[in-house]
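Shared chain: subunit A. Partners: subunit B in the first complex, subunit C in the second.
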Partner chain A sequence: MKITAPHLGNVYIAAKALFDGLGIEYIMPPLNNKEALEMGSLHSPEEICLPYKIMVGNYIQAIEKGADTVLLPGSCGPCRFGKYAEMQMNLFKRMGKNINFIVIDAPGDIGIKELYNRINQISRNSRKGKAGQIKALLRAVRVMNLIDEIEEKAHYLAGYEVNKGECKKLLNSCKRDAMNTNSPRDMIMVLEEYKNRLDNVKIDKGKNPIKIAIIGEIYTIIEPFSNLYIEDKLMDYGVATKRKLTPSWWVKDTLLKPTKLNSLKIKRNAKKYLSLGVGGHGRECIGEAVLAQKEGFDGAIQIFPLGCMPEIVSKVILPTISKEKDFPIMSLVVDEMTGEAGFVTRVEAFIDLLERRRKNVLSWS
Partner chain B sequence: MIVGIPKGLLYYKYYPFFTTFFQELGSELVISPDTNKDILDEGVKYCVDDACLPVKVFHGHVAYLKDKCDIILIPRFMQVRSREYICPKFCGLPEMIKNSIPKMPRIIDKPIYAISRRKLYPWAREIGRIITKDKKKIKNAFNTALIKQDKFKLGFNDDSQQLTVAIVGHPYNIFDNYVNMNIVEKLNRLGVGVVTEEVVEDSLIDEEVKRLYKRPFWTFARNSYGFASNVYRENKVNGIIYISSFACGIDSVVIELIKERIGNFPFLTLKIDEHTGEAGLDTRVEAFVDMLGREIK
Partner chain C sequence: MYYLGVDVGSVSTNLVLLDGHMKVVEKIYIRTKGSPIKAVQEGFKILKDKYNNVKISGVGATGSGRHIAATLIGADAVKNEITSHAVAALEIDRDVKTIIEIGGQDSKIIIIRNGVVSDFAMNTVCAAGTGSFLDRQAERLDIPIEEFGDYALNSNIGVRIAGRCAVFAESDMIHKQQLGYNKADIIRGLCDALVRNYLNNVGKGKEILPKVFFQGGVAANKGIKAAFERALGFEIIVPKDYNVMGAIGAAILGKEMAEKERKTNFKGFNLADSKFESNSFECSGCSNRCEVVKLIENNQEIGCFGDRCGKWSNRVKSILIK
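Our next item is the complex of A and B:
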């Protein structure tokens, strides 16, 4: 069994740690690229959302390298993501490829026994004992938390750094070095080291950079390829950015969901504008916009794939928040046709607007 | 108190309940007219452009009603079957309306969980209280409304013609004759009878959806898939027409699943949006019917 999984931001680093720790053979799809998107779009229904298309591209590229099993989380929410697995299974059957899908669903939907069976399909290939497997899992979680923390810090400090580009360089070499390690233990050491190095980046506390919150659909904000590397671009511009939704946040949120104690702060802040969940992360998007304003950000950028049902609801609500709180919010829609030049122009114009607002030369709305 | 009921979205399926309920409570009703060009234009003007056609049409109906009543019913359908949803946009529909249409009167936006009598009653109790203080009256109105809804039969079951076609899709696309450009009448004129999902029993639909790897979590997706799969397996019809609104997230999935299930069985997808031209739609329907006619010869 050669296992593969679709890309989602930095999860591939944690996945490497997990499979290395378990001693399971795995094939990492090449980092998201144009060919993956093109191949994915070719084999996908026209109106499905962008994440589906990129994921199909990931699988195809991984299968070319010899993968035969796909690991994928699932859901039974009102969002389309829950149906991905079934459609993708049909697709590969049609293409005449014998690919095994392991879908990790919530126990409420498939039963705890089935969930255990599915997890067992992976873990029985591991040479490690039960204790070793749990250790590997915990280490992978640790890696994910660390890389999310490092990334968050780098994105934020980019606005304050004295030597321009230092944070970005550190972040990139951190990912590279982490991927070059051979064991989860080494990887954690590398990540810890980079975390320290980031803490020691020379910063100018007197600076008051533009601060932007990145909100919206979880896949398109976490996966840099799908949003044309907007966070990297903002780092280049010396803008401090913050994004609440991360893979480690998602894991925590999903685990806590049955108890309804997940993301209380976000829910509380969203309540005035959207009191009920609308699937996906529509409510979170609203809550984060309100929070960003409270935390003193200059503006927020919402990103979602074309036709994303929950985010359309939040897109309608955001202008009201923007007006009531005098807080600029821009919505960007991405799909496989998004052109980089037009995208960059809009982002730059938005930053210009935020800068000029500080000088009180114009007012929003 | 004058209650406004927009003739959009699930109105077509559940209007007996809502109209009876408010009438029995003794309130005056205003129902928007059938969808027409003005309503569609108003809807397109107010609604966010990423939304699908039915949601835009609904915005148009609300805009028509907003100055003609004291309170507008914006049904926030959360669930009509247990553990299933309708569509994320239904859960956020009142928010979409409130934030898009200015100067709205008071609205009824309490979530509706129409899974069972017990789950639905709190909705009726709270809404009833806005109109009357009489608890008994509310209860009676609720009961009468439910009986009316139960007796209500929707859908087509016409297999008297030479050809029969199953029309699949969300009820608001099938029963809004402006949006689908009188597709049923068009088909009848071409000598084609129409059947819709209501003819297939619920238990049969359940049987069909069991085939799926994952239990369908959208009620109308479940119905559409189960119906299409059933008429295909039992060879009840000559072809299937799926009426889908552009950018409908659910349709993008269901159409794929149906195609996978029925293989080479005649299947036509009619995409509708606010720019759909009638001539193009006619041509496609006629061509499809021609093809079906040739197949039985």
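Our next item is the complex of A and C:
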């Protein structure tokens, strides 16, 4: 068995730690790129959302390199993500490829027994004992939490750094060095070291950078390729950004969901505008917008793929929040047709808007 | 003290020269024709002949070709079109509340409250109704683009044209033509359809309050202006320099930046005589495989664009967005 998994932001680093730890052979698809998107679009229904297309591209590129098993998280939720696994299985069957799909659904949807069955399909290929396997899993979780923490810190500190570009450089070399390690233990050491280095980046506390919250559909905000590397661009502009949704947040949220204790703060803040889950992370998007305003951000950017049902619901609600709280929010829609020039113009104009607004308010007081 | 603004757009390249009181001394409107470098050089040739001895104290660049233009001329400010248009409009009239800007290939709405941009939108899905589409229709109907709008004013009743998509709008126009409707009614119908499309797409959910400024090349079209007034129910204003507003804004921003930095990066008017070359290649440094463009002036590299990591674009220290 040669296992592969679709890309989602930095999860590939944790996936490497997991499979290295378990001693399972795996094939990482090349980082998201134009060819993956082109191939994915070719084999996907035209109206399906962007993440589906990129994921299909990931599988195809991994299969070319010899992968025969796909591991992906599932959901029986009310957004189209719930259909991904079934549709992708059908697609590869039609293409005449014999690919085994292991879909990790929530136990509430498929039963705990079935979940064990599916996990067992992976773990039986590991030569490690039960204890060793659990250790590998815990280490992978640790890697994921660390890289999310590092990334969050770098994105935020980019607004305060004294030497322009230092945070971005550190973040990039951190990912590269982590991928060059051979064991999860070494990887954790590398990540810890970078975390310390980020803590010691020279910052100017007197700076008051523009602060933007990134909200919206989880895949398109986490996966940089799908949003035309918006967070990198904002780092270049010296904007401090924050994004609440991360892979580690998702894991925690999914695990806590059955107890209904997940993301209480976000839900509480969303309540006035959207009190029900509308699928995907529509309610979270609303809650985060309200929270961002409370936390003193200058504005928020919502990103979602064309045709994303939950985010269309939140997009219609956001202007009300924007008006009531006097808080600028811009929505950006991405798909395989998104032109970079128009996208960048909008982001730049939004930053200008926030800057000039601030100047104006200051000159009035 | 003079300030220069350069707006390199998809269809036209505009240059303006402002005096110390932000009054337009010279405006040049050149068709870009797919080669922005040549267009900027052409503009500089005209400026060089007339203003070679004046002192330029600040330069700004805007438009979709702003980065290439900024590298060529040594701009102090590089700003997007939205900010530039807003700055120019506010310079003329502090009370402006809405800007409708329709250029060669995109259309925008800018909402201004209390003298600052509070919201904006750009066309996302379709370019129907922008300059290039109108150009093509004028050509097809064999009417000079300058007279296109006047035709619409001669009609009393517009024919309903499907304006959602440029291609379908054209088919619908041809269909109506074959049914025997006269040109004037079809053109008025087209103007109405494009305005409807604009208000439903770009202007969706935006509060359009007077004063409304109508800027960009399409503002020359009286038919579209009249259609906007019919749809909105109040007068809209086309400023005197409507077609170079972006460049005016850029010049003002260039002035601000040059004053802040106490110097200008302006390279002078001599670039009109330089020889420019551009090479593009795919960088093989990592898996991103960025398409990089290298700009060469008289055999000397002056700038690179298109890479994500900064390996190329930082080689020659060019100005960043400040």
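Going forward, the second predicted complex is superposed on the first by the 360 of 365 C-alpha atoms of A that agree within 3 Å, B and C clash if a C-alpha of one lies under 4 Å from a C-alpha of the other, contacts with A are read in each partner's own complex, and residues count from 1 in each chain.
Definition applied: a residue touches a chain if its C-beta (ideal position, glycine included) is under 8 Å from a C-beta of that chain, and two chains touch if they have at least 3 such contacts.
The shown structure was predicted, so the numbers you read here are calculated from the model rather than taken from an experiment.
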Combined model on subunit A: subunit C and subunit B, fit or clash = fit
Touched partner set for A:319, first subunit B, second subunit C, both or neither = both
Now for A:83: first (subunit B), second (subunit C), both, or neither, which partner does it touch?
-> first
Which of subunit B and subunit C A:345 touches, first, second, both or neither | second
Could you tell me if A:237 is touching subunit B, subunit C, both of them or neither one (first, second, both, neither)?
-> second
Mind working out whether A:307 is in touch with subunit B, subunit C, both or neither, as first, second, both or neither?
-> first
Please determine whether it is subunit B or subunit C that touches the greater number of subunit A residues.
-> B
From the overlay on chain A, compute the angle at subunit A's CA centre subtended by subunit B and subunit C, rounding to the nearest 10 degrees.
-> 80
Subunit B versus subunit C as contact partner of A:264, first or second or both or neither | neither
Between subunit B (first) and subunit C (second), which, if any, makes contact with A:255: first, second, both or neither?
-> neither
Please work out whether A:49 is in contact with subunit B alone, subunit C alone, both, or neither, and reply first, second, both or neither.
-> first
Give one of first, second, both or neither to describe whether A:229 is in contact with subunit B, with subunit C, with both, or with none.
-> second
Report the closest approach of subunit B and subunit C over their C-alpha atoms in the superposed model, as a whole number of Å.
-> 7
The intersection of the subunit A residues contacting subunit B with those contacting subunit C is 319, 333
What does subunit A use to touch subunit C in their complex?
-> 30-31, 33-34, 165, 172, 229, 232, 236-237, 319, 328, 333, 341-342, 344-346, 348-349, 352-353, 356-357, 360
Parts of subunit C lying in touch with subunit A, wherever the complex brings them together = 64, 79-83, 106, 114-120, 122, 124, 205, 287-289, 308-310, 320-321
Contacts from subunit B onto subunit A in the complex sit at residues 48, 50-51, 76, 78, 83, 85-89, 91-92, 95-96, 99-100, 111, 212-215, 217-218, 246-253, 255-257, 260
Complex contact set, residues of subunit A against subunit B | 45-49, 74, 76-80, 82-83, 85-87, 89-90, 94, 103, 105, 109, 273-274, 276-280, 282, 306-310, 312-317, 319-320, 333
